[in-house]
Amino acid sequence: MIDLLSQLAAWLTSSGQWAGPEGIAQRLLEHVQYSFLSTIVAALIALPIGLFIGHTGRGAFFAINISGFGRALPTVGVVTLVFLASGLSMTPVYVSLIALAIPVIVTNTYAGMIAIEADTKDAARGMGMTGLQSLWRVEIPLAAPLIMTGLRLAAVQVISTATIAAYVSFGGLGRYIFDGLAQRDLTQVLGGAVLVAGLAVTVDLILAGVNRVLFRHRLT
Amino acid sequence: MTIEWQWLSTHTDDLWALSLDHLSTAIPAVLLGLLIALPLAVVAHRIRPLRGVLLGLSNIMFTVPSLALFVILLPITGLTRTTAITGLTIYTLVVLLRNTVEGLDSVPAKVREASLAMGRGRVGTLLKVELPLALPVIMAGVRVASVMTISLVSVASYIGYGGIGQLFTDGFQRNFPTPVIAGVVLTLLLALAADALLVLVQWLCTPWIRKGARA
Amino acid sequence: MQNGKVVSMIRFDSVSKRFPNGTTAVDDLSVEFSEGGITVLVGSSGCGKTTTLRMINRLVDPTAGTITLGGRDVRDLPAARLRRGIGYVIQQAGLFPHRTVLDNIATVPTLLGWGRRKARARAAELLEVVGLPADAGKRYPNQLSGGQQQRVGVARALAADPPVLLMDEPFGAVDPVVRALLQDELIRLQAELRKTIVFVTHDIDEAVRLGDQIAIFRTGGHMVQCAPPAELLARPADDFVAGFLGSERGLKLLSLVTLAGVPYEPVGSVRSTATVKEARDAAAGRWLLVVSPDGGPAGWLDTGALEGLPGTSAVAGLALAPARGLRDSDSLLSALNETVSSPAGVAVRVDAAGVVTGVTGQDVLHARQRSLT
């Protein structure tokens, strides 16, 4: 075990490992790129859905249960399926990562919207705001902390799952895990895992910090 | 992409066996997770400084890619089902721990105090008052953990205990979508069934909530 | 604690409680809470009254001093054992939401190892004692109204028949009408049970209504005064107490002091069966008291209305102004009120059987009032 850890440390710190087109820096960049793109696209799809359901109250059952569906969906299966359907491209990776992220964002957005007190919405209406004005000026700002939490959860899950890009022979930090597996090189697998976990935790902390700074005046 | 129904009808026995195999990895993982999470959550609930540490640790473990986790466990537990179960148990902890702590937090201080004031000890209060009242939140965690675990078992096919996950490998290698579709649908069905069963269990265990609506 | 006489006097000896954050909740408290009576601890929030209460059943342990219950240091017993012998009622009842009402009430008997059947039988009995229907027993607490829940809380505290009851703002969360009802109920129960009750509230009216003894606390954990309500209202120790008692202190006092010992004078009266002539003969002023056959006051007759009536006609059937008979147990305030509202300007006094004994005028009542302070 100690042996393994020192090998891991050596692997992570050797300068050769970081540089070049196969280097950690490059893999990290790819990983961030896959994750970022997937999360953004998922947010663009999921936010309007969550806001609509939260604002109108229509489709609440869907909003509550879709996160369960998202959790139940086996990512490996989805990747394989899309791969078989579309051939060798990044499509299977993006499709499954986006499918993973959408439910989390929808459910949290919805949760943020329904947590707003009816009195507050009544007050907005009572002052003569239209539905859209109330949504934009009152409801979204109030739901924002929970919406941000949803984005954060989605980002972390996407980052730790983006290793599947390597499964269909693309890059990202998953490369080390799959290559290490193929070469029976445990140090490399461990190195990949540590890098992915490190990236996920870092992003999580950054987003938590952003959340705190943005909403520090809130009690919640 | 078409489904070959012929394949499905000739493989029902296999699908059934794989589902059972799938569950014999998933169920022990969740139960073990619960067994570990309950005492840890009580500690995290009682001792504030430990809460952040325990929850933070389980959060970090959750970000380790599942495949990597299985591989890392290999040298310790070998190519066994134990490896699959251990890995999955570690993932359940993130949900079970958080929910159990939140469940214990949700018990009104007044109720806890009333129990102590009536002369029930701390252990008695925990077992008879706090845990039962935390049950709905804990069960919500068990539901999430179960669904998540059932979906994650597939990843363990790399170490030979992936249950339904074998269908994905099989379809991938033979460029044959039918088993993959069957696997995805079967996983969803198992997850749904487990979730429904847990909802039923919870409903049966919490008569005070069932009858809670003011008469 | 049992053998025949229940010894349950609570005594604080130089008790202080300082919390780790440096605040002093209770400061050098020495006081006795009388046995078989209701002691009300009252004061604004943060004055240490609840901490004082919670030190009795050791939910809080004092940092200095000793508390004895029936002469025994509360620290002599393990906390759990001590608590099983002390009833505890808190705001919003603190009922166990996952147990039925019956199971809630049976909690302490069960802990004491009574056996399920006996504990439940006792719980069912208590439902009736606190005025709840028997079918409430099978329900869960959140199926009951706030007032009903509070009754269950009282029943639960009484279940093992503890000699001591601690009540921490038990009626704080219910509306004023229900609160008054629950207070009446507590007074009724206490008349039967004679428990040693320590009751915390911030409502001075509640304190005056319920307390045999009231202890007033000031922020910082000082007990300023501990006295029976009448004495407190009559002779507040300082401006703080006077201020706390409020501007209607005089009225509150009058409502507490009874007519016992307040002199009355004879009054001319006629029976309601009398004739007009008999009434004219008996009249000494404008208003004549008419007495019903059972001896109680029927009302005041305006003798001016007798003018022109035949002497042989009956008094019965003439219009009477209402007259209320006041017993010795009625308050000075109600007597003063009667002197104002009755046309004769006096309060009619009756004996325990309700038979008219005489009348008392405002001057006598005022003299009594002045003697209080």
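Order of writing sets the labels: A, B and C. Residues in every chain begin at 1.
We adopt the following convention: a residue touches a chain if its C-beta (ideal position, glycine included) is under 8 Å from a C-beta of that chain, and two chains touch if they have at least 3 such contacts.
Just so you know, these numbers come straight off a predicted model, no measurement behind them.
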* Looking at mean CA positions, which chain is nearest the middle of everything shown? -> B
* Structure fact -> Top of the farthest list for chain B, CA-centroid basis, is C
* Quick one: report the Å distance separating chain A from chain B, using the average Cα coordinate of each chain. => 21
* To do: Could you put a whole-Å number on the gap between the CA centroids of chain A and chain C?
  => 64
* For chain B and chain C, what's the span in angstrom between their mean Cα positions? -> 56
* Residues of chain C touching chain B in their complex? -> 57, 59, 79-86, 88, 90-99, 107-108, 111, 139-143, 156, 166
* chain B residues within the chain A interface of the complex -> 1, 59-60, 62-65, 67-69, 71-72, 74-75, 143-144, 147-148, 150-152, 154-155, 157-158, 164-165, 167-168, 171-172, 175-177, 180-181, 183-184, 187-188, 191-192, 195
* Would you tell me which residues of chain A are touching chain B in their complex? => 4, 68-69, 71-78, 80-81, 83-85, 156, 159-161, 163, 174, 177-178, 180-181, 186, 189-190, 192-193, 196-197, 200-201, 204
* **Residues of chain B touching chain C in the complex** => 108, 110-111, 113-121, 124, 129, 132-133, 135, 206-208, 211-215
